[in-house]
Amino acid sequence: AQLVGADNPGQIGSYNGLAVTPAMGWDNWNAFGCDVSEDLLLGTAQKIVDVGLRDLGYNYVILDDCYSDGRYPNGTIKPNFQKFPNGFKHVSDRLHALGLKYGMYSSAGYLTCGRYTASLGREMTDAQTFADWGVDFLKYDNCYNGGQSGTAQISYTRYKAMSDALNATGRPILYNMCSWGDDGPWNWAQTMANSWRMSGDVYDSFSRPDERCPCTGDEPGYLCALPGFHCSILNIMNKMAKIVSKTQTGAQNDMDALEVGNGGMTDDEYLTHMSMWTLEASQLVMGTDIRSLDPSAYSILANPAVLALNQDPAVSAGARRWIHQVADKDENDAGNIQLWARTMNNTDAVIALVNAGNTLRDMNATLADIFFDQGGVISPQARQGWDIYDLWANRMDNETASSILNGTAPAIISVDDMLNQTTRWNVSMMSYAEGLNANASALFGKMIGSVDALGTVTAKNVSRHGVALYRLRANGKGMSKLDARDEL
Amino acid sequence: AQLVGADNPGQIGSYNGLAVTPAMGWDNWNAFGCDVSEDLLLGTAQKIVDVGLRDLGYNYVILDDCYSDGRYPNGTIKPNFQKFPNGFKHVSDRLHALGLKYGMYSSAGYLTCGRYTASLGREMTDAQTFADWGVDFLKYDNCYNGGQSGTAQISYTRYKAMSDALNATGRPILYNMCSWGDDGPWNWAQTMANSWRMSGDVYDSFSRPDERCPCTGDEPGYLCALPGFHCSILNIMNKMAKIVSKTQTGAQNDMDALEVGNGGMTDDEYLTHMSMWTLEASQLVMGTDIRSLDPSAYSILANPAVLALNQDPAVSAGARRWIHQVADKDENDAGNIQLWARTMNNTDAVIALVNAGNTLRDMNATLADIFFDQGGVISPQARQGWDIYDLWANRMDNETASSILNGTAPAIISVDDMLNQTTRWNVSMMSYAEGLNANASALFGKMIGSVDALGTVTAKNVSRHGVALYRLRANGKGMSKLDARDEL
Amino acid sequence: AQLVGADNPGQIGSYNGLAVTPAMGWDNWNAFGCDVSEDLLLGTAQKIVDVGLRDLGYNYVILDDCYSDGRYPNGTIKPNFQKFPNGFKHVSDRLHALGLKYGMYSSAGYLTCGRYTASLGREMTDAQTFADWGVDFLKYDNCYNGGQSGTAQISYTRYKAMSDALNATGRPILYNMCSWGDDGPWNWAQTMANSWRMSGDVYDSFSRPDERCPCTGDEPGYLCALPGFHCSILNIMNKMAKIVSKTQTGAQNDMDALEVGNGGMTDDEYLTHMSMWTLEASQLVMGTDIRSLDPSAYSILANPAVLALNQDPAVSAGARRWIHQVADKDENDAGNIQLWARTMNNTDAVIALVNAGNTLRDMNATLADIFFDQGGVISPQARQGWDIYDLWANRMDNETASSILNGTAPAIISVDDMLNQTTRWNVSMMSYAEGLNANASALFGKMIGSVDALGTVTAKNVSRHGVALYRLRANGKGMSKLDARDEL
Amino acid sequence: AQLVGADNPGQIGSYNGLAVTPAMGWDNWNAFGCDVSEDLLLGTAQKIVDVGLRDLGYNYVILDDCYSDGRYPNGTIKPNFQKFPNGFKHVSDRLHALGLKYGMYSSAGYLTCGRYTASLGREMTDAQTFADWGVDFLKYDNCYNGGQSGTAQISYTRYKAMSDALNATGRPILYNMCSWGDDGPWNWAQTMANSWRMSGDVYDSFSRPDERCPCTGDEPGYLCALPGFHCSILNIMNKMAKIVSKTQTGAQNDMDALEVGNGGMTDDEYLTHMSMWTLEASQLVMGTDIRSLDPSAYSILANPAVLALNQDPAVSAGARRWIHQVADKDENDAGNIQLWARTMNNTDAVIALVNAGNTLRDMNATLADIFFDQGGVISPQARQGWDIYDLWANRMDNETASSILNGTAPAIISVDDMLNQTTRWNVSMMSYAEGLNANASALFGKMIGSVDALGTVTAKNVSRHGVALYRLRANGKGMSKLDARDEL
């Protein structure tokens, strides 16, 4: 049988109690690479708090590669004191004081990808060091792995060593495997990690193929011997389509950190990127310079209706219902349209109509297709009416976003305030789950129409490389008992 | 040399004496998933008996995933007493009292697919528990397998542990590996299991590709790193075509439980589905709600002529002689025609002409193609005449089926009665093998014509997505000694 | 660097001194399958002697699968005394008395392919039994291998166990691995075996694809997870083209036993089959009923000029210089033309122009293409003239062949007799190597023309599915010192 | 994250301090195969010195396969005294006396490719022998490897044994793995070797596919089970494009020895071959007969501007920015154009515009494409002007080259002399790194134009199978602060 997700949970959810819903946070790699420092981390952390991103749920601040200066004689990691003059316990304390959590990085290899000291064969020592430093999250990479790969068994053994070491510390540390899909972690990582990268590294391009990311997801069974990097949004989406069933409560496919804000894509492309990462229940890790954030990027990252989708208690990844090639190819020779669909905890459905063609178009999705997993045309879901909510309709305008970013806009003052508007949220006042139960308007976008039983949802004027991200809510109309099957 | 099947058996048939012919029964997963209970099982079992399905050979009632509630302190599986208030020994006793056999489920992993307790590393304990509960059949899944895969050797070792544990109990328990074809069990499972799944999970669609079932069978050597689920009938047939030689007495490729009755396919499609599972000697496990069975589904599942084909003593899987693409594609862009052929224990041949095109058509099969394995045009078989029997011709009408389903039709009263009609059978009175030897009319469908030596079998008006399932019986006409080869 | 063949041998040729040139003989499988007996073996052996096939070099008589009846209490193999009433030592003695060698069969698995007792885990016992029985050749199959495959290392270890066991007996036993190419034996078997099957089983068809032989050789790096059987001549040729460099003195790719004489192919197709197996230095194992051999099959199997090619002391496999698709496709949708070339010990070249199109055609091969490995257009070989010999030109006529087969034609009486005719040979009087050195006319076919330096060899009227098999001999004309490179 | 190269080094560069920049030298295999001798080596060495190739950096003289004559009773390798009458310590001493380094060869197998004694299982003994002989470089092949392959882990273990053995000798020995890309050494070899072959053997053809080199680099993730040999320049380039990020300081992808001078390619093709090996930071090992070197080959091998590119301190391999098929196919049905780009240590960029079409053409590269990795159109690099230098413009004329080769031309006398001309260099006077810092004219080719910010570099009249190899130097013009992103 297939894996059963959150809709039918057995006794065990997350293996360590973490990442029950996908993690949210920030990581320096996409924007800064090896250029790390205490100033960068703490400055970013302060900004995350100031502009309300922490309160939207982005609470992990993750220090990526290139932070160390070898090891002490006793074998423990020595910080690079040029970059981190006060060491990492200090960083950790400051982050915790800001209500944030602290993430760090290492590699299941002899060196990190940046050729710094790494943890293969030193798992117990390093896990304890991380715990001593107050670390809450470990991104664990795959470089220089001493050839310990080639079968699921070999990779499992290597990554399990750190899982056991983290558990042995007694400190809850979210375990994010960054093994790029090597040896198919979606088949085996759920019982010992919270998330696992399912592709080579993302880069800031919507559709450009790059030979350094040679796999496309159309390999037989998506078996990729060379995950590489410079993988586009469309590339990662295509891989994800094969393995959506593997994401669940406590254990998610990680599509890599977000590129929103880094400038390589258009606003429409970033909207699609954010929509798909969200719909797929990937962890949402911002990857841009928060201290100089664009208003337009902010309004993408900070949309409560979209984040509530990602944080839905029924953790699962939307399935691609169809992909069709179209004639209007872009400069990278890409051109297709796609329908993705997911069922939410409250029985709503969310769909993404992705226009990866090169021209604006109207797009259609039948209820039979949307609810194919439920039985399609014979499903009760296809045989009733639905109201349609556009999750991006209430996107914050640039003026408001700018005022928040420059500190002139007020924060949310009270729960009442929060429940009476459409563009802000504070998870410390009310979780997304509670807000969804309360039908909070900020979490549902804007109703833009409805569809009759067995009807078709139409999205008008979907931009080139853009998306329509709609939430469908049953409206009780047109519900009909399923007729005799022989009429089909 | 290739594997030798039932036609030339060596000393050893079934490794444990079970599944000499393919198992038949019912499993709750396809129709009910995790929604299991004592009521479901026993209610279904009673209905299986009442409507004569048990007497047709469907004798295994299999409880699938989601039945447990963790483990007792001593490490044995604890039943979920909400669902099974009297435990599993009670279920077992009741099934046995009904003349049925009891199947259960676990996974060769740390969790079942539904995230319940599973048996990896606990094989001896769990096998003994199953034996104590009176279990007769184990479906053993592949979820959360701790990465113990990647080579045949790794998967073999994992599945062999349960095989050994079952044997150690001393109780005959049919061992059904559900490893989805991972690491090619058709190459190695015959010496330690009775059947093995050869694909990701079937779903209730004839031809729709789904990205969550990414392999098609056309991979190099059908090597599939991601079996997935939502595999269509055509998808599984295409995979099966590569590995037909691996099925034999006591050890069969399992194409997954039947979808007949679940409503996602047309009647023609279900006929094709049933025909191919039968011809391929897959175990026949019903997967629908027997308590509310359609008459049309009943008459598919209960056709003695088709079941006798599946239960033929010369256990082998029909080989695809050809597949040709056609222009009339269906809505899933599928469109082809296929010929499959198999030789039976009594030297009859059975062919399936599958119309996977989108329109009704006449179809042809030459004797040279049907008997290609025997030498084609130079084979003795192609050089004689045959009578043609349509195995579906005597399909029960809906009125009769309804009367059986609602209990108003009488059961078979005597062997004489059975031998004098065309639509019913009772294996406790006479096995299919005996009936075939006795030329029982119910097991041969209806003669619809004949074909001369070196002639062509024509099936008229084969429906879109339908099948002609014909049994050919040598009629002694036209037999000619093979001429000198140089005339060819 | 690449493997170096016989042209540049290091210290070590054959690992055990056997198969210095490819083995020749007869195996019952292709024609008789499991229907084996002492009568079959000894009757065939006598006929092999009587019709001169032994004297042509076919000296191994190989008993394939299905000969045993379990094991004795002490664990040794028990003969099936119904089939072999006098046991195998008797068979061995009789074969040896006839001047033949005795081959037997087992499998590196828990069962043979016919489900008889096999040798995995019993290598030492069985090797000693074979030695005690006087066995000279072991065909060692791959069925029911307990999943001991998946990497080269796993397969190597399994097959090495029998290699070591055979060596430990002290008896020279030619070791023929029949692992169908699993895990790429061409990469590792040379140091512990004499030959290894490089494909699933051949069958008696020139070009028909069969899904049970799913690999074509065009997989990435010819990696085949399911070798299967029912592989056509063209299929095996296409696989062989990738691995020709792996064949050498003492260790050859085995393309499987011959189908010549079995009736499924035309005479032209059998000529091509025989030509390619010979050119490729595959072991030549007849696979038809010798007791009722067709004259036309005899004249294919018994052509000294072709056999001398196979037995050339410079053991190597011809390389495919080009393959081009053509428009005239046959009924299996196959249609191409191919050039293969090989250099012989005496500096002759042999080429095969294969017409796998559907119509008769003239075919051309430039010297530059033939000698591409030597430098093509700048090679000394392309820059001289050659005489052309057709190796099939002196094929024995059917009348003569019939008289040999029915015992009315005389055998070769003396070496002088042998050297003065064109259709017969006796290796006990003179080896092929000696005959080649002596320019014996029987070993060179018939001169049909010549080609100038930088010219083109043309074969007129090559039949559909036929071949021109030509030997090129330098004629000393037109040799020119290579001009300055800048004129190229 | 991806591997980080020289731009962001962590603490560790080369694992053993060698090959900080790619090795340069000469190996006998491509031109001489097994025909090795003391005379060949020492004669070649003297010539390398005499014609200034040593002073250009080609300092490793590597003796390839076929040098041994078994082993001494104590297990150490015995030289072939026919070929090397004075043994290898003598060869080593003579090479060292000439200011050269000594390379030798073995195989991680039971035999070398030429079937001579090899080092698998004898690593410690042989490494010490090599050290005793004064060896400075080991090419370690992959033939007859006993099946020790199939996963990265298996190959790693096998090659690590020799790495450890070399380290244990205490002598610095550059470790060049020649495992043909088996099991993906680019993923794991950096921590234990200095270079690793990433393809089957090169041969002297620009574009001809050969079935004995069956992989193309377009396999899923470039997974190649059969590297083979006879791989063309285009074939190896296509494979390299996938793994460029794996090359770094101290550890490089090895594209195999050069074919320049061997006569199978045109001058344009050799220029492209040399340009790409250089740009890719492959080790540069000459593979032709130096004693009879063509002037045109000399002027390719000896161009300081091109060698300085290869030896740039920022060791990395150029990335292919695009490849487009074109209609003008050559006789091998190849036809495409390619842009490759690399960033140098001094912030220059180098591009190669490869015309693998069949006709001369103008070629274009936009700055946005060249600097795509830096952000493309929004990168600072694309938003400034550059001067364009043609690295081949100052190629030595044939007359001068001839005079050097025949000893009539003077060597460089002084550093001043060297800095005042354009075609010669002497690394013992000044390293390439120093010369680049000093803007030495010999290392920068000839300025041929400039390109404005956001402009396009055009190469006029690029030959069939030729290349434009340009170095771009920022000229400080047109630099503009990046405008607001919303204008993009």
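In this document, chain identifiers A, B, C and D correspond to the written order of the chains, with residue numbering beginning at 1 in each.
Following the convention adopted for this analysis, a residue touches a chain if its C-beta (ideal position, glycine included) is under 8 Å from a C-beta of that chain, and two chains touch if they have at least 3 such contacts.
Quick caveat: nothing in here was measured; it's all calculated off a predicted structure.
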| item | value |
| --- | --- |
| Rotation, 0 to 180 degrees and nearest 5, that superposes chain B on copy chain C via CA atoms | 90 |
| Homomeric contact chain A-chain D: same or different residue positions, threshold half | different |
| Gap in Å, rounded to a whole number, between the CA centres of chain B and chain A | 41 |
| Distance from chain C to chain A - Cα centre to Cα centre, in angstrom | 58 |
| For chain C, residues that touch 2 or more chains besides their own | 150-151, 154, 220, 223 |
| Complex contact set, residues of chain A against chain B | 1-4, 8-13, 150-157, 160, 183-184, 187-188, 190-191, 220-223, 241-245, 319-320, 323, 375-376, 378, 485-486, 488 |
| Chain A-facing residues of chain B, complex | 29, 33-34, 64-66, 69-70, 110-117, 141, 143-151, 154, 178, 200-201, 204, 211-212, 214-215, 219-220, 223-230, 263-264, 266-267, 294, 296 |
